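Sending over a structure as structure tokens; questions will come in a sec.
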Amino acid sequence: MARTLKIFSGSSNPELARLTAEHLGIPLSRSYVASFPNGETRVRIEENVRGLDVFLVQSVCAPVDKNLVQLLIMMDAVRRASADRITAVIPYFGYARQEKKTAGREPISAKLVANLLAVAGADRILPMTRPGPAIEGFFDIPVDHLRAAGLLGERVKDLALDNAVVGSPDAGGVARAEDFSRRLGGSDLFVVFKRRDTPDNVTPLHMVGDVKGRVAIIIDDIISTGKSLITAADSLLEGGAKEVHACAVHADFTEDVVKVLESSRLKSILVTDTIPIPNQRPLDSKIHVCSTARIFAETIDRIHRHESVSALFS
Amino acid sequence: MARTLKIFSGSSNPELARLTAEHLGIPLSRSYVASFPNGETRVRIEENVRGLDVFLVQSVCAPVDKNLVQLLIMMDAVRRASADRITAVIPYFGYARQEKKTAGREPISAKLVANLLAVAGADRILPMTRPGPAIEGFFDIPVDHLRAAGLLGERVKDLALDNAVVGSPDAGGVARAEDFSRRLGGSDLFVVFKRRDTPDNVTPLHMVGDVKGRVAIIIDDIISTGKSLITAADSLLEGGAKEVHACAVHADFTEDVVKVLESSRLKSILVTDTIPIPNQRPLDSKIHVCSTARIFAETIDRIHRHESVSALFS
Amino acid sequence: MARTLKIFSGSSNPELARLTAEHLGIPLSRSYVASFPNGETRVRIEENVRGLDVFLVQSVCAPVDKNLVQLLIMMDAVRRASADRITAVIPYFGYARQEKKTAGREPISAKLVANLLAVAGADRILPMTRPGPAIEGFFDIPVDHLRAAGLLGERVKDLALDNAVVGSPDAGGVARAEDFSRRLGGSDLFVVFKRRDTPDNVTPLHMVGDVKGRVAIIIDDIISTGKSLITAADSLLEGGAKEVHACAVHADFTEDVVKVLESSRLKSILVTDTIPIPNQRPLDSKIHVCSTARIFAETIDRIHRHESVSALFS
Amino acid sequence: MARTLKIFSGSSNPELARLTAEHLGIPLSRSYVASFPNGETRVRIEENVRGLDVFLVQSVCAPVDKNLVQLLIMMDAVRRASADRITAVIPYFGYARQEKKTAGREPISAKLVANLLAVAGADRILPMTRPGPAIEGFFDIPVDHLRAAGLLGERVKDLALDNAVVGSPDAGGVARAEDFSRRLGGSDLFVVFKRRDTPDNVTPLHMVGDVKGRVAIIIDDIISTGKSLITAADSLLEGGAKEVHACAVHADFTEDVVKVLESSRLKSILVTDTIPIPNQRPLDSKIHVCSTARIFAETIDRIHRHESVSALFS
Amino acid sequence: MARTLKIFSGSSNPELARLTAEHLGIPLSRSYVASFPNGETRVRIEENVRGLDVFLVQSVCAPVDKNLVQLLIMMDAVRRASADRITAVIPYFGYARQEKKTAGREPISAKLVANLLAVAGADRILPMTRPGPAIEGFFDIPVDHLRAAGLLGERVKDLALDNAVVGSPDAGGVARAEDFSRRLGGSDLFVVFKRRDTPDNVTPLHMVGDVKGRVAIIIDDIISTGKSLITAADSLLEGGAKEVHACAVHADFTEDVVKVLESSRLKSILVTDTIPIPNQRPLDSKIHVCSTARIFAETIDRIHRHESVSALFS
Amino acid sequence: MARTLKIFSGSSNPELARLTAEHLGIPLSRSYVASFPNGETRVRIEENVRGLDVFLVQSVCAPVDKNLVQLLIMMDAVRRASADRITAVIPYFGYARQEKKTAGREPISAKLVANLLAVAGADRILPMTRPGPAIEGFFDIPVDHLRAAGLLGERVKDLALDNAVVGSPDAGGVARAEDFSRRLGGSDLFVVFKRRDTPDNVTPLHMVGDVKGRVAIIIDDIISTGKSLITAADSLLEGGAKEVHACAVHADFTEDVVKVLESSRLKSILVTDTIPIPNQRPLDSKIHVCSTARIFAETIDRIHRHESVSALFS
């Protein structure tokens, strides 16, 4: 434990890395991360890491393959430079949703990514993910899952929404909504069912649960195109909800989603900073971002000092 | 493909193995599987397997550790005897529910079992499991998941239950119920939410969905103690359901469950034969068992002849 | 070495684990080890183990598969909880006798078990085994073999048996008897040869060595059914031995063996506590148990403090 | 060998894949390769591949990380779909130049890529590379290197350039130029030495060899920015060369290179189609492309039929 | 099985390889195996092996390291040349006796050699070894042990030695002698015990068993310096034996052993050709060599045709 | 870092190991390294190494296989004795030149050796090699390459050779010569091209570069038979060079090379002590040896204390 702790940042979310280091009271360590003219990633670690406890912060968000390979290459450099232990801190674990086959002859890309991280030299993974089975079990190395549910739950509680009802925009997220409901003291639940014809086109089927005259909060994991969120909001408003809010961990926004959300019937959208959000939001933006930096900092600190991490999330 | 196909059975579900071989039109191959006086499993493969395509049928049901280790030892023997390819046919994949940590410092036993199977020499896994993420991605070797949903759906359709409503006895099974609803042509859905204080004691919270005056079918994956099923049935009857049926893939019955189910308010319980069911059922038993042998036989045949397996389940 | 040492016990030999910890002057660490209603093992490590030097004590004795899988699952939990180093302390290494094929198409279960332990996360193995070739070489991780020969030799010396002759109840154990003879200062040797038709039925062939009028001590590794021991004792008494004693490391007793031994013509039977012995022995029992706890404690202490272990056994 | 051969193409060089299949007299097999809205690669193999001999054609050229990850994901899908053997056909092996550290704490990205390919399921690699040590030895799986030197040598010979002198634009390529000289019947050699201050900025030092009044042919492996090529050509013309041609295997062109080359003092530039070249070239373009499809087709055919590949290149 | 079978020979025992191929009715395949001027082994496989079933015959006898590395390098070449399956046929498995530690901080060289063979690409091992536990279990790949006991037993039976008594020159070989005794129809047994002070200097302790006036046959595994054999013969003659013969599998003769044996009091010495024996024996040599080529040929043939090998040795 | 550092020497270059330890101010640790009568290597580590940072010094020079296997066996012993970290210090990495295939069906012996070192337990490799791509990338464990170029460059500078011209005796070494030229302040360059008909017979083709009236220094990596060096010197003298010197890292001398070099037209030959040089040199020998011990000592010290190694060579 006498080993020094060093944090390096990839290029995908430098602001979160910076904030995390700030919370830890140490500077980000220096590395040169760029591209050769032909687009190949080029890395040089600019500080000695021999025998140290190294944390690499990189969100595997868009451009997802570039950010993934950059992380792998940084790990290769750090491993060959004789770091004692390498922890890949992955605020957003891209490809996590491709965790099973939905039809024959598909990849399980999330498992592939797990294997790539392991073969490139990760000794430990520190992702922020939903409480599902897949990712942690895809690894044989230790994984310390961080949860944003507590953080988001506190924020929602602060809104003092009486008579709120929480729910899931699809069948797969019901357990997450149920968990969230417990954090709010046991609020009622709703589920929006939909038929998923293709992975992109979703058609609402019907909504179960009583939302009439109440404030509905849609709980989700990732907002990407925002389509399913907006469809669910419409269902809820048609079902008589007074107003609809959304709350999700990852803002994996495709182009124009900020504009789409701002002009939607949603009253507010709460997300975290695991993925940087474009800055062109209006002053009175509906999108509220709460930072996960303190959670990452506390977890890294505990890992480094060999203290219990689960104690943080109990 | 000129390789001969041979099927061996462990001691956990010989009847299903026998039926599967019968469907394939071949005899079960001979092996000696017993215990030494001190309880250690003892195996001898009694037919030449050099260069052959070997399938080992073993449900990892109770006594779960004995059946698991027996399967591992059989694979070791077959591998050392130079089989060309070993497929572990696992109608019931024990430990599958321990697929994630629910608290700090827990194992992920399902991943451990996956690793044990791989290190013991499995070239391919053929389990019958629910369409969740974990198991398939826990392996790097090919996994051909079999689904019983089609089989069970046909049986339920045959009952010609008008006005049925299907649902899940807990939040985690909603996606499965939604899938089942589509197989029945889009019937309505319900969900029974519960607070899960400890893994054993479950307390119902509330039920959402409209079941009044309708036939409710609870869709589940595994029936073990039957507690959550019976609690859910009570909720549904209190909610006005006309009658309640249950439908699950695996009958992982603990002692006395047969008696408990027979005397419950459930109208009928439909399960498969992935786990042998004790024969002491009454003549007019509520428990109906449909065999998965034909599905296993067809899948094994396609795997052996290098034909598409996903075509079977589309 | 600043790392703290923690010892956890599986459920197979808690008394030996407790005694070992006592010798080390530390408490056994807390873990929850139980079974789910369907028989699956369930584990939770109840103390932080991050960065620690963890020793898991578990005899792989009957019920052998349950105890083996429990050990594997405990290791999985400890590894995922980020222990620095995991040592599997295995007082009795079940399946050790299945270390080679005796016929075609048999498993080598001892090697399989070695592979299972390695894949589940063991960094080091600490078994008590006979000085044979197999087990240590089955591993690529360090193995610190403990020997009980010194302990047992001291006890036998204490009996001050003049004119003793030591020997093996079968051809495979002659080297062990020769080693024991040297510990007693070079006593004479005998060997009982037998024809081994099947692993269970043994037929004595003939005995070589001069035992007339002397005290014969049969040296063995494991007592299981006791059959070969009693047959050998009969041969020795027929050959003129004055009295016959037995001395073995592991008491892997099958049911009723205690009664069989108590009523045999053997004068005394000396074993260790690597396997717990049923307590229904008479007050004047012929079976004497000497504890290995001090040996385990000293070895664990030396491993933890990076001191030579071989020095203990030279 | 009764196994059918199937060829799939990634999205990086479909034309070369198509031509290769055409030479083999078989159609390209169907796969769906696209991106999810958030940029994650999405793959579905649309033909049964069980037990087949599958070749995946993908140049790891710009966008290099996207093309690399796409290849890995395709392999994952094909492996899980139970292909008998997977050969990654990699006409251009991106990151190959990052095959050693040039300073401390750098990655060896080429080895990392080799490991990624192996872990994703490649059974065999079929790259077109220069005759250097690294790539082949980075793998433990078989690698069949294809060489374009014979193809390019034939083309240059066809030009019937009397009195030609061939050489290398840098010290590292001298062995390649010497090899090429032998293919032309032993023509004279030159070398342009340069000081390499940074990987991007090259400063010519001096040129050795007699080029006065002769046709100079610069032999290179990859043309990327074209800078070193144009600097070398200037040196040669200053040294009295009558005219200067360039010949390289891979056209890993960065933006605008086509324009730069067309307007340079080089008389002609000969490359292959391992990387697709933008089509905006003028009718009388100086850039001549010769296809490697026949070489790939012949090699794939020999690999599939278990015939000697080295015989092709001797 | 349509795959062709090819046999290559290393340089350690070309005569046995030649005879084996002759028995199989095929020619030895061509390879170039030599040394560079600096002593490094240099190999080129001179026939196509793609997709073939390749057997490499190499005894790991003196010079043991050179022969071992040569075998590893040949396997590397054959693997990279895309053989379908590589079987290392190892008539004499050097380092096999270093199968366990005899003191602290020793290697287990036999396990190391097993790992080296596996990492170099062996798919299967075909050694001729004694029926001990270690070697087979050191591998996870299939091992087909050949036994010479049947062959040697036949030869001894042919001598029609009435009243023979067989035995072991040390405690470790008693099981082997017992097995041999059964092959001769249950002849009596003797054991020569010795104190083994250092691995080289052996001091006889005492002999048990009745040899007076009888023909004694010493059964051993390897004859190396011959010291223990000659000492045992002396003990037997002193004990009244009429004449003493020796029978061993491997003639791992150190220098001058031939001369020492010829001039000893042993009446005859029977060995096999797993290691080539120097040809300077007298016409009436006491050393008789029986060839194992037919056993190797039959086993290779069965392995290649996927027939049972254990049937050969039952 | 509190771990103690221990250095052990194999038998290939004890003088360099001794000097290295001397520079570090510690004694060489004791180990017993010898041969059994049958030639098998026999090792016992004679000091406790539990938890220590162990460095094994062994040049893999002639007898190359014996020295290689000895190193592997020493590592096995040290690993099983629970060393914390094992660094293989390999002043001369034999087989390094077999780093690629030069024809079909050849091994890549250098990669094989890398795999053998890794499987035997090396945690880190410390070779002295030329700045080529292969060796470092053949490993996934950290490799700290030492370079002798700086050491040799200083020695050559000390000679104050005005008007020197440096160059390579073959095409493959041009980059090394260019690097050396920069170390001398940018001296001019020459290249001797040759046709390499077989690995042993080299025929000079022609020399490029201006050497007339100047002192020529041939830069090479390894001197083995010395043939190519002497041929190159002849070419240079014919080309008008005033005198010719040679400078190489490794003196991998075959028999008689010392005599051949002493009687050659070379003015001096500068090498290092990575391989011991026979002592029969004359008093006024042309062969000058400079020791690398200080470089090895400084590097080992930095590795042990977790300081930057690249800083040493910048």
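To keep things simple, chains are lettered A, B, C, D, E and F as they appear, and every chain counts its residues starting from 1.
Quick note on the criterion: contacts are C-beta pairs under 8 Å (C-beta built on N, C-alpha and C of every residue); 3 or more make two chains touch, one makes a residue touch a chain.
Predicted model, so just to flag it, every value in this text is computed and none were measured.
Taken together, chain B and chain F share the touching chains A, C, D, E. Using the average of C-alpha coordinates as each chain's centre, E ends up farthest from chain A. Under half of the residue numbers found at the chain D and chain E interface occur in both copies, marking it as a different-residue contact. Relative to the C-alpha centre of chain F, the farthest chain centre belongs to B.
Centre-to-centre separation between chain B and chain D, using Cα means, comes to 50 Å. In terms of their C-alpha centroids, the spacing between chain A and chain E amounts to 62 Å. Measuring from the averaged C-alpha position of chain B to that of chain C gives a distance of 39 Å. Within chain F, contacts with two or more other chains are made by residues 48, 80-81, 101, 103-105, 108, 111, 115, 140, 308-309, 311. Chains that are in contact with each other form these pairs: A-B, A-C, A-D, A-F, B-C, B-D, B-E, C-E, C-F, D-E, D-F, E-F.
Contact residues on chain C toward chain F in their complex (touch as defined above): 1, 124, 140, 142-144, 303, 306-309, 311. Listed in rising order, the residues of chain C touching chain E in the complex are 99-101, 103-105, 108, 110-111, 115, 131-134, 136-138, 140, 145, 171-172, 174-175, 177-178, 182, 186, 188-191, 193, 195, 205-206, 208-210, 308-311, 313-314.
Across the complex, chain E meets chain D through its residues 2, 48, 50-52, 79-82, 121.
Chain D contributes residues 36-46, 48-49, 61-66, 68-70, 72-74, 76-78, 80-81, 94-95, 97-98, 101, 103-109, 111-112, 115-116, 119-120, 199-200, 224-225, 252, 254 to its touches with chain A in the complex.
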